[in-house]
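In the two assemblies presented below, subunit A is common to both, partnered first by subunit B and then by subunit C.
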Partner chain A sequence: MSAVRFAGVSLRYSGAPADALGGITLDIASGSVSWLFGSLGAGCSSLLLVAAGLAPRHSGGTLAGQVTTLGENPHETAGRRALAGRVAYVMATPGVQLSGVAATVWDEAAFAPANLGWPIARIAAAVDAALGRLGIAHLAARHPAALSGGELQRVVIASMLVLAPELWLLDEPASALDRDGRRLLAELLRVEAARGAAVVVATEDADAMLELAQRVIVLDHGRVALDGPPANVLAGEAVWVHADESTTVAGLARAAGRLDSPPPPALRPPYPLTVSEGLARWR
Partner chain B sequence: MFAVTGGIAVLAFLLPAPRGPVVLYAAVLALSLVVGEGRSALRAIRVCLPLWILLALLLGLSPGGERQWIGPLSLSRGGLAAALAQGARLGAVATVSLALFAGFDPSRFLDAVAERGWSFHAGYLLVATLQAVPRFRHRAAMILEAQRARGLRFRGSPLRRARALVPLTLPLVLGMLSEVDDRAMALETRGVDARVPRTSLRSPPDSLPDRIIRWAMPVLVLAALVWRLAG
Partner chain C sequence: MAMTAGPILEAEGVRVRYAGATAPALDGVTLAVQPGEGVALLGANGAGKTTLLRAAMALVRPERGTLCVAGRDAARCTPEEFADVAGYLFQQPESQLFEQTVRAELGFGPRQLGWAPAPIAAAVAEQLDALELMDAADTHPYDLPSPRHRVVALAATLTVRPRLLLLDEPTAGLDRAARQLVIRAVLRVRTRGAAVLAVTHDGDFALEALDRGLVLEAGRVVADEAIAGLLGSRPDVPELPAAARLSGRLGLAVSSPRFAAVTDALAAHCRSRG
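== the complex of A and B ==
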C-alpha cells in the first residue's frame, strides 16, 4: 500500500532561482524503509517537508503537482487535521523540536498525545513504553534543557514514537547520536517498518542505510536520479555522479582504482560496499 | 500567582502615593520572605537599584519646592516623595514578577489551562514567551563567545562598542527567527493544531488558600478603585 504518493511535484522556495524539487513522481510503500540520498541541496529535506505538508506553507514558495500522504492531501486544512498524530517528523536539530514548555522528559514525550486528547492512561502507557524503547527511561524526570544533544535526539524520537505513527519522516535523525544511539535508531526503524509504518529517512550515512533500507532514492538538483535497492545503486558509478558519495568501502575501492589506469578488475564497478565484500573480492 | 502579580501591579498604581506604594512594597517584601522567595526580592533590588538612583536624581534635582540637603545635593522634597513612590511601585512589581518567573511551572500551568478548557494556544504563547528568556540569554552568551573567539573586541570608545553590537545582534535575531520557523513546524507535527480538548497530564492542586487569594485579589483591586474614585 502506498503511504506517500508524489505526482509531478515541483517546489520552488520564495526568491530561489531554481526549483528545489522538479517534477517528482514517486510512491513510498508502507511497511518499508526508504532512503533519500543526495548531495547538499539535492532536495531530500524539501521532499520530506512536502510529504509532511510543512513546505511551502512554513517556508514560503510555490508547490505544483499532487501530494498524497496516508490518503490525505497534507497541503489542505482538512488533510492536515486528518493527519494529526499519524505522521512523525524528526529534524536533525533536536533542540528546536522540543515543545519548550515541558519541565521533564516524560512531559515532553507526553506533549503530542496530550494535544491530541488521548486519555491519560493511554498517554502514560505509550510514554513509558517509548522512553523504554529509546533507552531513556532513567531520564524521565530530568529537565530537557539539562540533556546532551544525543539524549535530546532520543527524547525527540521517543516523543514521536508515542504516537505509533503510520509514517516516519526523518531528516538526518542520527546527526546528534552516538554509535549506540545510531544502532538503537536503526533497530527501532526496522521494527517500525515491520509494524507496517512507512519509514523515509534522508541521510548521507550510506553505511548505516545499506543494511536498513529496502530502497534508495537518489536525488540530484531536485530530481530523482536513481531509484532501487541500495546494494545495486551504491555499487554503481552513477551514484558518484549524482550524489558524490557511497559507502566508505565503495569510496575506498573507487579511490584505489583511480591510482591505476585502467583500474584493476577488482576495483572496477560494481564496487564492494562492505568490508566483507571487499575482502571477498580482493582475497 | 498570576492573580497576585496582576493585582499587585494594579494596586501599585491605584494606592495613593507615596505611602500606598511604599506600604505595598513593604508588604510584598515581607510576603516574599515568608513564602521563601527572598532571592527574588534580592534580585529585584539589584535590578531596581540603578533605576531608584536615577529616579531620585532626576526627580530630586527638579527645581522649586521645599529643599532637603543630602550630602552636597539640594534635593526637592516633593521630587523625592515622587521618586519614592515610583521606586516602590517598581520594586513591588519587579519582586512579584521575578517571584512568578522563579516559581512558574509551565507544565502545571498548561495542565491548568487544559482543565479549565481555556485556549491552549494563548496558554502556550504565554509559557513559550516566559521560557524564551533563558533560551535567548543562553544563545546570546554563545554568540558572544563565538564572536570573541573570532577576534571581536567589546572595549574602546562608545562608537566602537556600538559597532561591535552588530555582529552580536544580527546572528542572535536571525537565529531566533529561524528557530521560530523550525519550532512552528515541529509543533504542528505534535498536534498543537488538533481541534480536540487537550488532556491534562496531572490535575494541578487548587487548594482553599489558592482559591481565596484568586478571589481576594480582584476584590482588593476593586475596593482600591472604589476608594480612590470615592475619595
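== the complex of A and C ==
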C-alpha cells in the first residue's frame, strides 16, 4: 500500500528565491524503510514536513501539486483530522517538540493519546511499553526539562511510538543518541516496518542506513536525483556528488581507487558497501 | 594576548548537582586540558557530558571541587566573565542565535567585549570565509536551513578567538560539506593553540578532529586515553568509522585509523595484489 504519494509537488517558502521542493513525484510504500538523503537545503526536511502537512501551514509559503498521506490530504482540515494519531513526526531538535505542558516524561508520552481520548488503561499500557522499548522506563518520573539531549530524543521517539503510527517521518532522529540508543532505534524502526508501518528517515548517517533501508531517495536542490536500493545507488558513481566518502566502505573504495590511474581492479565499481563486503573483496 | 603556561582547563574533584536531583550530574571529575588539545567527551546519554561543558563555561557551579579556565575559578565567575576565553556551541544552536543577520550574529561576541569596529569586521569576515557563510551574511539566521544554524553558531563562537572551545554535538545533522567545515575549523583553532572539548556521538568527527577521549559514566571519568584506541572499545562510546573497522579486520599496516591513512593503505594493498 502507498503511504506517501507526491504528484508534481513543489514548495516555496515565503520570500525564498527558489523552490525548496521542485516538482517531486514519488510513492513510498508501507512496510519498508526509506532513506532520504541530500546536502543541506536539498529538501529532505521539507519533504517530511510536506508529507506531514506541517509545511507550508506552519512555515509560510506556497504548495503546488498533490500530496496524499495514508490516503488523505494532509493540507486540508478534513485530511488532518483523519490523520490524527496515525503519523509520527520526529523533529531534528527534540527540545522543540515537547508539548511544554507535561511535568514528567510519562505525561509527555501520554500527551498525544490523551488528546485523542484514549481510555486511561490503554494509554498506560502503551506509554509503559514505549518507554521500555526506548530504554527510558527509569526516567518516567523525571521532568523533561531536566533531561540530557540524548534522553530527550528518546522521549520524543517514545512519545510517537505510543501511537503505533502507520507512518514514521524522522528527521535526523539519532543525532544525540549514544551507541545503545542508535541500536535501539534501528531495531525499533526495523520492527515498525515489519509491523506494516512506512518508515521514512532523513539522515546523513549512511553507515546506519545501509543496514536498515530498502530504498534510498537522494534529493538535490528540491528534486529527486537518485532513487533505488542503497546497494545499487552507493555502488555507482553518481551518488558521490552528495555523499561523504569518509563515512562508508564504498566511499573508502572510491577514495583509494582515485590514488591510481587507472584504479586496480579491486577498487573499481561496483563498490562493496559494508565492512563484511569489503573483507570479502580485499582479503 | 598573554598565554598563561599550563592547562587552559583544570578541574579537581568537581561535583555538580542540579536542584531537586537525587544523584549528582558530575561526581569527582578531575582533568586537565592543555592548549591545543582536542578532547572528545564520550559516554551514554545522561552521563554528565553536557554538564561538564556547562561547568567549564561557568553556567553551573560545582558544589564541591574546583574548576578553573585560564586560571579563573568558575565558582567565582559569571559566564560573561569567561566570554573572552571560552566559546560555547550549544546542542540546540537556536538558543544562541538572536541577531537579525548572520553578520550581526558573528559580531555579537566581540561587540559585547567592547572590541573596536575594525577588528570586529575583520574577525567576522574571517569566520564568514572560513565557514563558507559569505552567501548568507545578510540573511536572517532563521531563514537558513536548520542544520546551518549550527554552522552560524560555531562561527559566532569563533570570532572572539576563544582559548577554550566547548562544543556540544557540533556535527549533529550536518551534511558532508558542513561536517568537513567543522572538522577543519576545529583543527585550525587547535593549531593556533586553543583547546577543544567536544561532546560527540560522531566517531568519524572524533577521530578526524580530536586526539584524546574522556568517557563519563554516571558523572565520573571512567576512561581517559587516545581517541583512536578508545572508539569501539566500550559499549558507551561510538564505534570506529567503517573504514577503520575494515582496516583492522584486514590487518592493513596503517599509521593511524584516520580516513586518509586507511585510504593510502588500502590502495597499497590492492596495488600489490594487482
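Everything that follows uses one rule, which is that the second predicted complex is superposed on the first by the 277 of 283 C-alpha atoms of A that agree within 3 Å, B and C clash if a C-alpha of one lies under 4 Å from a C-alpha of the other, contacts with A are read in each partner's own complex, and residues count from 1 in each chain.
Criterion: contacts are C-beta pairs under 8 Å (C-beta built on N, C-alpha and C of every residue); 3 or more make two chains touch, one makes a residue touch a chain.
Computed from a predicted model, the values in this text were never measured in an experiment.
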First (subunit B), second (subunit C), both or neither touched by A:E151: second
Which superposed partner A:G15 touches (first subunit B, second subunit C, both, neither): second
Which of subunit B and subunit C A:R81 touches, first, second, both or neither: first
Subunit B versus subunit C as contact partner of A:V105, first or second or both or neither: neither
Partner chain(s) touched by A:G278 [first = subunit B, second = subunit C, both, neither]: second
Touching partner for A:A114 - first (subunit B), second (subunit C), both, neither: first
Touch count on subunit A, higher of subunit B and subunit C: C
Partner chain in contact with A:V200 - subunit B first, subunit C second, else both or neither: neither
Touched partner set for A:V249, first subunit B, second subunit C, both or neither: second
First (subunit B), second (subunit C), both or neither touched by A:L36: neither
Set of subunit A residues, in rising order, touched by both subunit B and subunit C: 93, 96
Residues of subunit B touching subunit A in the complex: 105-108, 110, 114, 120, 124, 127-128, 131-132, 134-135, 179, 181-201
Subunit A - residues contacting subunit C, complex: 15-16, 38-42, 45, 92-93, 95-96, 146-151, 153-154, 172, 174-182, 204, 207, 242-249, 251-253, 255-257, 259-260, 263-267, 274-275, 278-279, 282-283
Touch list for subunit C against partner subunit A, complex: 18, 20-21, 43-47, 49-50, 91-92, 94, 143, 145-148, 168-169, 172-180, 201, 204, 208, 235-239, 241-243, 245-246, 249-250, 259, 262-264, 266-267, 269-271, 273-274
Subunit B partner contacts - residues on subunit A that touch it in the complex: 49, 52, 54, 58-59, 80-81, 84-85, 87-89, 91, 93, 96-104, 107, 110-120, 123, 145, 159-160
